[in-house]
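You will see two complexes here that share chain A, one where it goes with chain B and one where it goes with chain C.
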Partner chain A sequence: MATADVDTAQTNGNGKYKVIGTRPIRHDGVDKVTGRALYGADVKLSGMLHAAMLRSPHAHANIKSIDTSKAEALPGVRAVVTNADLPEVGDRIAELGEGAVNLRHLSCNVLAGPKVLYKGHAIAAVAAENIHIAKEAVGLIDVEYELLPPVLDVREAMEDSAPILNDDVRTDTMGELGNTPTNIAAHFRYEKGDIEKGFAEAKVVVEREFDTATVHQGYIEPHNATALWNKDGHITVWTSTQGTFSVRQQVAELVNVPLSKVKVIPMEIGGGFGGKISVYLQPVAALLSKKSGQAVKLIMDRSAVFEATGPTPGSYIRVKMGVDAGGKITAAEAYLAYEAGGYPGSPINPGCMCIFACYDVPNGKIDGFDVCVNKPRTNAYRAPGATNAAFAAETVIDEICDELGICPVEFRLNNASKEGTRRVDGVEYPVIGMADTVEAIKSSAHWQSNLEGPNRGRGVASGFWFNCGLKSAATATVNADGSVSLIEGSTDIGGSRASLAMQLAETLGIAAEDVNPAVVDTDSVGYTDVTGGSRVTFATGIAAYEAGMDIRRQMIARAAEIWDVDADQVRYEDGTIIGPESSYTFKELAELVIKTGDPVTGRGASSAANQGGAFGTHCVDVEVDPDLGKVKILRYTIAQDCGTAIHPSYVEGQMQGGAVQGIGWALNEEYFYGDDGSMHNASYLDYRIPTCYDVPMIETIIVEVPDPEHPFGVRGVGEVPIVPPPAAIANAINNAIGVQMTELPMSPPRVVHEILKKNS
Partner chain B sequence: MAKKRVVSTTINGNQTEFLCEPRQTLLEVLRDTLNLTGAKEGCSNGNCGACTVLVDGRPVDSCLVLAVEIEGADLETIEGVACSEALHPVQQCYLENAALQCGICTPGFIMSTKALLDENSSPSEDDIRFYLAGNLCRCTGYDKIVRAVQDSAELMASNGIDGVQIDR
Partner chain C sequence: MRDFEYEAPTALADAVELLAGANGSAKLLAGGTDLIDHVRTGRLEPDLLIDIKKLAELNVLEASDSGLRLGAAVPCYQIYGNEQITSNYSALADSCQIIGGVQIQSRASVGGNLCNSGPAADSTPSLIALGAVCVIAGPNGTREVAAEDFCTAPRQNVLEAGELLVELKFPAPGGKSGSHYRRFIPRNEMDIAVVGVGAAVTLDDSGENFVSARIALGAVGPTPIFAQAAGDALAGQPANDDSIAAAAAAAREVATPIDDMRGTVEFRNHATAVLTERVLKTAIARARGEADGYTIGH
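Here is the complex of A and B:
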């Protein structure tokens, strides 16, 4: 049978779409405003037990012994597990889609042994008839510790005299392993051009050092897992996660069963931002279920979320940049050391690749170090590694602009990366919108307005994030009433059911409301990588588009059969199937599908496509209280290249939410540690994420430079908006009071300290 | 362990009796005993507001109230906000403004919004931001939530609290 003209679906271009660019009510919306949506903690199963966790009170210690006998003897207790119940997984590396993990480190992070590496490190778990008995039993577990000195600062941890956390860690310098145990797990280096020649050509060279504090993703829903290890050896896990297939793999590896024995059912997820990819509770709940023979639910409390999950690294960064008299960058050099937490794996490599990514740097050198310290094992947080790096590079740029008397917006336009620019790490850019975002800020009402008043200042900064492609699968089935059921595996963290349904609807020429999207378990859809890397609307979007194209082919073939004509005489146009003499609307043919042959189910997938990268430029006005050091955000505007905005409201929402997380990171969020390595502010009240009283409205400018890798030009939008805020705010503070901040957060005591230093 | 107590209360307009231990919070009883899981637990110490319910019209963090304390009270939860046929204007405005992303904080925000608009039918942006500062959202940056509350006030001024039929 001839294949018909199905490859002419909508391509790039704005204003030509019917569904894309509109703002329909999200498909899961009513459930979420009526309290009916079921999140991880809402799972209830017959005979379900409740579990609680014992966590280390020490930041660094050897575990000499664990005695669980008193806990086991408490009436109502059904099972207790420790690290001894986890199978030996060996020194293997598992590829988890968005990054690899050493399984032994992951296993020891899930239940500690033989050492605890941070306060809050999980040690044992108890399942009991109710949560109160489980908590009481946790208090009956006796652990004998041999205390070791903790090391909390990245530079101290790099010294030869520092306490060593992991005796199996050797420095990996571009594939070569060192000989001695160390806290420096990896050293990355990127070089381009001739750095010395570049600095020699510069008129102004500025070098600065920066420190940034550990911060947390801060999702409102704590981690959770409910597991049933059935008598037939099958394990079912109900959990809120950014990646069901990633959880399936991690659980299978850690409890040592074949992949096929684990099914992960995604519950609604109450925020993740990168922090709900790694497993914490899922394997423990599974082991407790195996031991007790019943389903077990395990939920983290908020202090454990702070002390034992996330965070994103604190860091030390040094940046040196040279610029010639014409305002062109001649050379840039950076040294970055990121805290990995207890086990290796900080986002140091992306940090290195992002630090100068917005600009055409002819001569560059970047060194990056992944360093273990006695803090929780770090995890991805929205553009992981990029925000720390941008804070350093983007504030150095503003200092140079001040010295040269160049407008910071003009400087960014003059040096912006564009198609063909080669980054210091070697990657050459495809079509990108960096300069377009700066232009958008330049012509914005915000930038054009005057800012008046004492202690007020304006700052701008740009940011980059790669975005990724990875693998997604989807199927779509035509229903007799003309609706289409979309089955996909990307857990919906912020409206992706809508953005995927809209792309399928656009492909088929039907309404967004006529698509019913469903996020299903790991047995019910093809392999799909995590909801991360700003990839879902891009890659699962391609899968939905391909499933739609598959449906179009089948609908054309079916119509040709009904009309008894060749398929190449039938075309699909705007939701209508048109033959030589007659036509069907999608709905009319859908009704005939079941009556005339096989059901129509389309299949789509994506793996080869990769994204061109996302850029954003932010502009902020602040007012600094010179006595208290408090910084108030007066006005905030974001311009971001979104490729093609599928659902503009949720695109704006990503930009606004990312920026406010960045504002929190900039102004007040940090882990306060005592010398003993205990976190002193492990609650929302003391950690203090922004409330709605702390921020103004966030103005958004959607810039659309379509990504040619995607049929509709989508670029991921989720991550890059967190990158510029700390730098933009630092630049605004400098503009307001002439003080250059080099530490995050720029909290009132630090701002006052810098003001006093300047005045003395 | 202390014996269980009988508590009589009105929940979403229905006279209700339940048994609870004196140590159980209202949130625990709502979620585990009464199957009203719309109130969410984000922190269990009154910091996040995800468990907000209305007790005699006042917004309270149900994780900070013992269940035995609500004897005789009139309780309203997210499950009672929409009528059987339609959404409440506040719910409708949250949806139309895309004022939620992950949705975990949404029930608490809607309860607080309802309480705010019952107290002050035309709040300023500053009033809204001050009143809702006890409810944390990590996804939205609050912009669209504040707009949803402003729209709710307008819609309720013109329509009262009549429900809105949603075409979905």
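Here is the complex of A and C:
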């Protein structure tokens, strides 16, 4: 049984830690499994109105006029808003934690300005006494459109003849702006060494082209917002989000009020994966509330989530790699074009930085393009940009290994990035665990096993993703019963309440159960950046640790006061405060705290720390139906460097969840568009995320190469597991049936197409 | 969702009268698993829903020597839970077992599946393969239509204003008979058929030769398709790989699929032949009383 080792330390701290590495029940667990947890849709306020959105039926059009008079006249309607109700915000850039955004574009995305740029683009919203009236009123809004031809393919959008989406977009080439309107919003270039010389040294050079489809995060909970714009000018927003402070900033900027006038209250969040950072509904609900004088609730339906929130881009990628007779990479070149959607901002830059990040590439050149197309504006999705890139690079590597007769695992060991390796984009690595993850796969039961049977194959692939630091704050209060309340601002999408409480418990030498973590609103905790970039357990973890250290200092001082000794004669060890003659347990002293002086509250923050980054290597066995092209995942193993696993179950859960999303991306998920630019599969029936029948239990190997930047050695674990799956599965398919897939998803029709091509 | 009236008549004549009197603004409600979704999304805006689950004639489930009578409103779970159906009309049981999950199967009817008249309906190819006849009641009395003639276009069928489907009648299978339906879906659950094939075969006493065969295809044309020539050509042939491959090729000939989010023309044509082979082999194994090796979803 899996429960046998539940309480054993899993970390290579090997007895160093008491709490870290154990698997306590998460603090928010009971509420979630009993259905008591309150999500965005559960908000109910007295007098609350319900709102509905009018969305564009066209993928590309000028809005000639909007007539809302009939909707406003419908009994029960209390407010109607359009882009005209949003203040002019100008051309400023706002940092959102996992990407930046031009506020004018954000504003026009929230409620379409002069143009609609994708089907589903929000145009107007109606608040009414109930949702049925609101929906009926939406149908009464008249919009006059001037239809424009849509452009949906990234390479077509780059052509001079393509319809231009935004007349204010100029190509930004490493800081220099072009002077004509274009769909190419940015061009990144990174170079290292001498690429010509590198290819000349190679024994084998392989060059391939790849296409990947637009895919969505597929969180279960739709976007939601309830807002109350009070008569005193204060706005309260209840919403499920990955970043309350980011929502506060975006709302304040978009409706043009000072930051301090906006309070954001986080509701439990039913998945985000990067997609719940940007605002969609929050400013609209606020404007409707201002107009109506009542709280207004606005919730998306599933098709709006697909059509109008931020998926991750479809892409075109070309990779050329040269390897010498000894199996060493001599040169690597890549061209990446990512679809930004309606407005600029695809994760092209991280895509460029990640594409060769796992390997020591002596000579490299990478070009990346951010390209507007008539699809929803893309947003972060777990390791944004890296999965597309890895699909290309890691399958080219496999082909080279085949040609040179090198084992793909040995190739990866031989070329792995390590401390001191400089990436093509210039960054030099600190201590990292890339090679360790490959070693872990090499010695795994999975890799050691024989795979037998027709149409079966095995593939491996590695992946990299950054971990960012950014800013976090936390406070912790000592209660008289020896428990500690932890107040933090990182909304919990992956078990972070537990992992933060455990770090505080470890710092204080108390039990995880004696810490009560709470994620609170923006008025109640210090500034905290988004839950994204694999940063919370790392950076908010440091804040929790610092808050704990602050408590320790105060507890030492208090004990010294009580004993009437110097503070430097008192030490804090393993949850005990030890003086020259006597000692207190944490609990004993906690009881005395209020009786003897000020309450003890610790504060902690972090901002400076930079994480080293996370690597993972995946191994997968597949069986391909050679007649129908269906790929069955037989076995799947992940080895990932997690630095130090605070709560191993949640680390494993992140690895498994990321891999399953990657499997969906690999095999079936895609936005399927008609020529008119409308998405045909905006529902979970035809946007096919894997079900529990489609994946085996994902095996996990936690590799621990502690990150020296963190007191316990934490690395971010949430994102990198989505990076290798499509590449690993493509390699396995090739190994099974000798067909190299270069397009995602590798759906049955595509696989059959390649099989028929090969057989004819 | 718009407001509507609800009636649940207990006599067939009352149901026909209500339906005929509503001038096209009424819809019949069996399990509601298609209908409610259409109303919710606004694709249909009926003023009246007539619940037909309380009509005795539509709840008949009777298997005898002379065949099977299946009321139009009988839910799937009762169908695949009936031993006579699983052994003698296995294709129908196969279909009912893959329509939705347990919740859907507790409500969804074969009558609703047929009357919804989607090209990918999972029970219709089985009805055609098993030679079912649709019994239809209306203001002018009762008439019968072969299952293969029921659907006329996507979401359209032969029902005239005021008519409803009462039951499906199946002939008793003779001699060594077996049938099977399977579909191709990209995942193992939660999908609409990309291609579906149903077949019913009767073998001679030796079990080596076809006496007759009926093959029907789903999701590869505007309506489910009766691949009559493919089945007819098997009569008198030995049941072996060659004859099966020929039938598969003939079935593929009558498929007229489109490209859409569920599959390409190339894939659907190819898969029609592949599935026809697999379905015939399973039906033959069942006719011979051998293990069929079929697992749902694959």
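General remarks:
Following the convention adopted for this analysis, the second predicted complex is superposed on the first by the 746 of 760 C-alpha atoms of A that agree within 3 Å, B and C clash if a C-alpha of one lies under 4 Å from a C-alpha of the other, contacts with A are read in each partner's own complex, and residues count from 1 in each chain.
One rule holds for everything that comes next: contacts are C-beta pairs under 8 Å (C-beta built on N, C-alpha and C of every residue); 3 or more make two chains touch, one makes a residue touch a chain.
Everything quoted here is computed from the prediction, not taken from an experiment.
Within the superposed three-chain model, A:Tyr650 lies in touch with chain B and out of touch with chain C [touch as defined at top]. Of the two partner chains placed around the shared chain by superposition, neither chain B nor chain C is touched by A:Gly405.
Of the two partner chains, neither chain B nor chain C is touched by A:Pro454.
When the two complexes are overlaid on their common chain A, residue A:Pro258 makes contact with neither chain B nor chain C.
With both structures placed on the common chain, the touch criterion links A:Gly175 to neither chain B nor chain C.
Within the superposed three-chain arrangement, the count of touched residues of chain A is higher for B, of the candidates chain B and chain C. In the superposed model, A:Pro114 lies in contact with neither chain B nor chain C. Once chain A of one complex is fitted onto chain A of the other, the partner contacts of A:Gly35 are limited to chain B, with no touch recorded for chain C. When the two complexes are overlaid on their common chain A, residue A:Tyr693 makes contact with chain B and with chain C alike. By the document's definition of touching, neither partner reaches A:Pro75: not chain B, not chain C. Common to the chain B and chain C interfaces on chain A are residues 132, 684-685, 690-691, 693. On chain B, the positions that touch chain A within their shared complex are 21, 23, 31, 35-45, 47-48, 50, 77-79, 81-82, 87, 91, 94-98, 100-107, 110, 125, 128-130, 132-147, 166-168. Contact residues of chain A toward chain C in the complex are 132, 627-630, 667-668, 672, 680-681, 684-686, 688, 690-691, 693-694, 747-749, 752-753, 756.
On chain C, the positions that touch chain A within their shared complex are 1, 184, 186-192, 194, 260-264, 266-267, 270-271, 274, 297. Note for the complex: chain A touches chain B at residues 23, 25-30, 32-39, 41-42, 44, 132, 217-222, 268-273, 299, 301-302, 493-495, 513, 647, 649-650, 652-654, 656-661, 683-685, 689-693, 695, 697-698.
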